[in-house]
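Letters A, B, C and D name the chains as they come in the text, with residue numbers starting at 1 for each one.
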Amino acid sequence: MDAILLQVLNGLDKGSAYALIALGLTLIFGTLGVVNFAHGALFMIGAFCAVTFQKLLTLSYITIDETRTDFLGNPLEVKSPYVEGWFGPETGGAIIDWAVPLAILFSIPVMVAFGFVMERGLIKHFYKRPHADQILVTFGLAIVLQEIVKYFFGANPIPTPAPDAFRGSLDFGVLLGFDPNAIIYPYWRLIYFLFASFIIGAVFAFLQFTTFGMVVRAGMADRETVGLLGINIDKRFTLMFGLAAAVAGLAGVMYAPINSPNYHMGMDFLVLSFVVVVVGGMGSLPGAVAAGFLLGILESFASMNEIKSILPGIDQIIIYLVAIVILLTRPRGLLGRKGVMEE
Amino acid sequence: MGILEVKGVSKRFGGLKALDDVNITVKENTVHAIIGPNGAGKSTFLNCLVGKLIPDTGSVMFEGQSLLGVAPHKINQMGISRVFQTPEIFADLTVFENVLIPLFAKRDGSYRMHAFETVENEADIIALAEQMLIDVNMIDKRHAHSASLSRGDKRRLEMAMCLSQSPKLLLLDEPTAGMARADTNNTIDLLKEIRDKRDITMAIIEHDMHVVFSLAERITVMAQGTPLVEDTPDNIKGHPKVQEAYLGGH
Amino acid sequence: MTFLGLNERDTRFLLIVVALTMFTPFLLQPFAENSGLAQFNAGYPDLMQRFAIYGIFAIGFNILFGLTGYLSFGHAAFLGVGSYSAVWMFKLLSMNIIPAIILAVIVSGLFALLIGFISLRRTGIYFSILTLAFAQMSFNLAYSVLTPITNGETGLQLTLSDPRILDPESITNSLPSTSLFGLEMNDSAQWEVFGRVFTFSVGYYVCAVIAIIAFYISLRIFRSPFGLMLRAIKTNKTRMAYTGLNTRPYALAAFVISGMYAGLAGGLLASMDPLAGAERMQWTASGEVVLMTILGGAGTLMGPVLGAGFIKYFENIFSKINDNVLHGWFAFMPDGLEDALITLIHPFVGKGWHLTLGMLFMLVVIFLPGGLVELGQRIAGLFRRRKAEDRSDDGSKATTPAE
Amino acid sequence: MSKSNFTRRGVLKTSAVAGAGLAMPTFFTSMANAYTNEPSGDTVTLGFNVPQSGPYADEGADELRAYQLAVKHLNGEGDGGMLNTFSSKELQGNGILGKKVAFVTGDTQTKSDAARASAKSMIEKDGAIMITGGSSSGVAIAVQGLCQEAGVIFMAGLTHSNDTTGKDKKANGFRHFFNAYMSGAALAPVLEKMYGSDRKAYHLTADYTWGWTQEESIKAATEALGWETVNAVKTPLAATDFSSYIAPVLNSGADVLVLNHYGGNMVNSLTNAVQFGLRDKQVNGKNFEIVVPLYSRLMAQGAGENVKGIFGSTNWHWSLTDEGSKTFTQSFGKEYGRPPSQAAQTCYVQTLLYADAATRAGTFNPCGIAEALEGFEFDGLGNGPTLYRADDHQCFKDVLVVRGKENPESEFDLLEVVEVTPAAQVTYPPDHPMFAGGALGDCNPGA
């Protein structure tokens, strides 16, 4: 029982990452109809916003410590961050410690601007091109972005720890009356889950209750008619792209402490996020979110020893297996709209 | 005994009664039009004919065989061709290729897939396709990319594609919808020619009275999901129920 | 002039392809050995073989994607299955490549039949994801739990203890090489002339002949009524159904044919270099053939081959240009300029070859919507226009698509 | 029939014998060389095949730095590096056998297919006579197989799987790097000393051949101490988030977690494990501990703070104080401004060993070189006295047990050497069951 509960928790957490990435992707892919292979790269750039911000905060000046030597036998160069110099070691240290949460504020404008530029400069010209062309151009873009990041940050993962306050884990089991250590859960992952839920809720509310959301939803259904009403749908689609980029970026920023960001993390998530969106059903936001959580939880279950001992290797394929079963039993995924990307 | 017999067909969508006990018989070698105002249930009715929707009750028989739930390609193989509201043609291909496809598909009538064997009577098929284009007066456009055709030409092409398979029944769904007057008249002329020259049954779902009265031999007027009257065009013209349905319905 | 059931234009086209393929060892070796540009020569056996093999792969993929419009994102699985079958034949039966290639084609065909039968129940993106899912499952399993069959991470290789029942004399203390009735695949001859060394490899010519046959079959399919039906599926499935045709057997046939092409490519890869690695089945490999086809021009005959060559060229040639090579090129310049130029070029070559490739993807799709084939057409068009200007009597308008 | 497997460019041979099977016109020249890519000019070309894209690109870049440095030293440029400390004094800084050393580079992409393609192009196009490099066992074994078929020497880079010199060993392939068995043999005594002999271990293992051999080795070594293995769970290679594998560990009764992961897998699994607070927990009345049997500095860098106090083993570390290591670190550090990684050291040493063997053999013929390397004993290259064993082409030398440093002084100062396990303690008989099943075969000169 506790083992199952534990994996549900794990699944919710994995699922919130999947759902968040898929949410951004489905805004672009399921609704604007652009097959965006650069979405994983947006996620990666989000994570590197956290890295960059951390680097900015730890920009250091160098003092020479004559008493110690470096690997070449020269006097050791000691780096101390400017931030600590300005605010004193205590406050400065705390600011650096909180780099990742602070990076959220930094990343939103960066990602939205990035989304705007990407849509205006590139994607706009591809709305009416065949999907094949969209794949090629966005894949090319993804490679370029990835290589740029590699050029500046290297291929090695870069640690971006969560603030000290959120290290360690919460013993859920004790709260629920199980043995200590039966169900533990890291604080940062709880925060990730809550954060993801909040973002998902905010995006839904935004699209549901604002005029902007109404127009965009109408535009998704019938672009021409909305255009005839004298509403500038293009501008709103640009905003929408910015929104999607911001969602992907936020997913990335918050993910940075869970796994150290590296330049190809986007590609690792790319295929998975497409599977999630399609299993959720094309053009359905709730579908994408539901599929994200469903696949996350099933993946966690599949990694349980009890299940692996019966079906070896099931955790390797569970996501794809579930995708196949769902797509065969429900032609348009969980909640897909008819006629979207079926040609 | 008609070629197409629809008996007691009803269809509900949630609380809405789309079709209510529809009985229509289309006789062989006639042009039978089904008219009615918007929302009369014409489209639902058509979808029931082609297997796209399965009615809650009732039966649809073509030459004694049920059409309910039968896949479109099977319905076509039984001898029913369909002309769509917006012409459904192979837009990426040339006009000539468009006509070749149905002919290749049918060949000796078996509709078998041929992946590797050569088509035996290929020359015959090509000749037939050319004749078909001559019949619809499009032979000079045979190499044109069919996406570039005018709406009227697309309709002609679609008609040629349907007729090339010599169907027993031709279903037409608002064949002149969205057309300019000249194209509409052209299309009416073409349909008249087909009616007069070929042994063919046509069922036309239509909104435009002008088209219906110049073509049809029998007319069924539908309103609110049920047939009001069925009669010859002359009798329909002055029928009070029809007036009421068309004028009062809006 | 007609030939093998092709009309005049196609015959000419086929002959051009045959000529290009046969003279590849010359065409890819344009630079003299001692010139700095020799780095760009691609006329060595392994890369020429790869051009031919990935050309076959892309031609086959194009039969599915270019004609029917079904975008499979899992075609690498068939390539991988073909490779594994071929290597197993080398291990168990004989080093002759014929049985290996035959088994590769059959097994991948059956595999494609199974996956196609299930995946073709859906269209559009749903189809793509189904094929992707099957391929990823194959890859993940091949890398881990199927290791007894696939040798996992390392890849399936020949060992000294393999039985090879048909050629017992090959059991010695060193590994035999693959052959075609005694003609060894890694045999080659060289011809040195004008400072250039041209290499004629047995393996390449075997691949080339098979590639030409594969190309010819694809040409026939494109021109046949069957090919017409496939194109009809792509443009309008509704009309197709109301023409009395069930689209699924057609799509399935195309799927299986292209799966067999992939298996053939996989079998050939293993025949040229008897190793089958699981990475051949990963989604990136499936994505690569998609990119090759789109980059070259989907739906055209020659495009996918061009795309395949383009990507493989960058992977194998650009990745090898290191700073040392750059210094060699620009040594004649003044030091400051040399260093500046190298700093500028450095990110795009060597370990940065991905960056160049990514940028070229974008440039091609932005400026050449029809892919590389369109570039060829434009160049050809330019020449024709010149010619037409030179000879005013040449009134024929060139509308021949450079398929 | 004269055969030319893997030909090379730039060879001017007129004494051609046309292959009977090919019936070639006489103007075609065929190889009449004694071995593949016999150097004919005044240079000899080495092929450096390292990952330049993909997750190990940084490690590959460091390998490449080491190779370039080695080439410099061999050609008599720079400070000569470990040529000065090497026990064999054959190398004079005038290239190899009087030929200047040139090199070509390629990208393995850490895929066996791509690595083989890249190596083939070096052999066929550039006339490389030796291939070296790589950052994973899959690639090493694949390329080693290719070099065997092609008739060139393969000097493995970073490869830790037992199979490289076990069931997949080849006569033309040589490994300087240590292996999983040695990690186990070196770690076990230290683990016993630190954590006692009454421990319950839980393994998480990357689900591919290297992971399996390491799990097997560590299990065997720790069980011999009296440790109990509670569970060993395989994790998918593609996994990025290990939470669902780590969460059940605490409740399993285990008090040690062994992470048989490398590269990105290791960075993520260790980060996840620390996130779950495993190291703050008490199980069975003992502190919960984590062990990472194969360490590299780059991985430690990726995992950041999380490596502090965690034990593992490594092939070499720049903080070693023997003459060879000091000289190499100085030489590398002056050139590139950073200390070398263990992969860099292995690659540098492999290049020197190859050059030295060729010099001693007096030929570039792979069979001559192989003979010179087999059973070769040397010192002064950073790992103490070392033996290149003839039976399996594995180097036997000291293995380092390291621990993540608590207070690093710089970004490179992440590991501290806890113990240098002498070679004798990690030596195993050539027919050890973990290495059984393969045969070296005959050396192949290719012609």
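As a convention for this text, a contact is a pair of C-beta atoms (placed from the backbone, for glycine too) under 8 Å apart; a residue touches a chain by one contact, two chains touch by 3 or more.
The model shown is predicted, which means the values in this text are computed figures rather than measured ones.
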Target chain D, source chain C, minimum contact steps: 1
Most central chain, Cα average position: C
Gap in Å, rounded to a whole number, between the CA centres of chain C and chain A: 35
Chain A and chain B: spacing of chain centres that average the CA atoms, whole Å: 51
Approximate Å spacing (C-alpha centroids) for the pair chain B, chain C: 46
Euclidean distance of C-alpha centroids - chain B vs chain D, Å: 74
Touching two or more other chains - residues of chain A: 313, 316
For chain D, residues contacting two or more additional chains: 53, 57, 61, 207, 234, 236, 238
Touching two or more other chains - residues of chain B: none
Chain pairs in mutual contact under the definition given at the outset: A-C, A-D, B-C, C-D
Chain D contact footprint on chain C (complex, rising order): 33-34, 38, 41, 44-47, 50, 140, 143-145, 147, 151-155, 157-161, 172-175, 177, 182-184, 186-192, 197, 199-200, 202, 273, 275, 277, 279-280, 315-316, 319-320, 322, 324, 350-351, 353-354
Residue ranges of chain D in contact with chain C within the complex: 3-7, 9-12, 18-19, 21-22, 24, 27-31, 52-53, 57, 60-61, 64, 68, 103-107, 111-114, 116-118, 120-122, 124-126, 136-138, 141-142, 145-146, 148-149, 163, 168, 207-210, 234, 236-238, 438-439, 441-442, 444
Touching residues (chain side chain B, partner chain C) in the complex: 71-73, 76-77, 81-82, 84, 88-93, 97, 100-102, 104-106, 111, 113-116, 119, 122, 161, 165
Complex contact set, residues of chain C against chain A: 65, 69, 71, 118, 121-126, 128-130, 132-134, 136-137, 140-141, 143-145, 237, 283-284, 287, 290-291, 294-295, 298, 347, 352, 354-355, 357-362, 364-366, 369
Contact footprint of chain A on chain D as seen in their complex: 53-59, 61, 207, 231, 233-236, 238, 240-241, 243-245, 247-248, 250-251, 264, 267-268, 271-272, 275-277, 280-281, 283, 298, 301-306, 318-319, 329-330, 333-334, 339, 409-410, 412-413
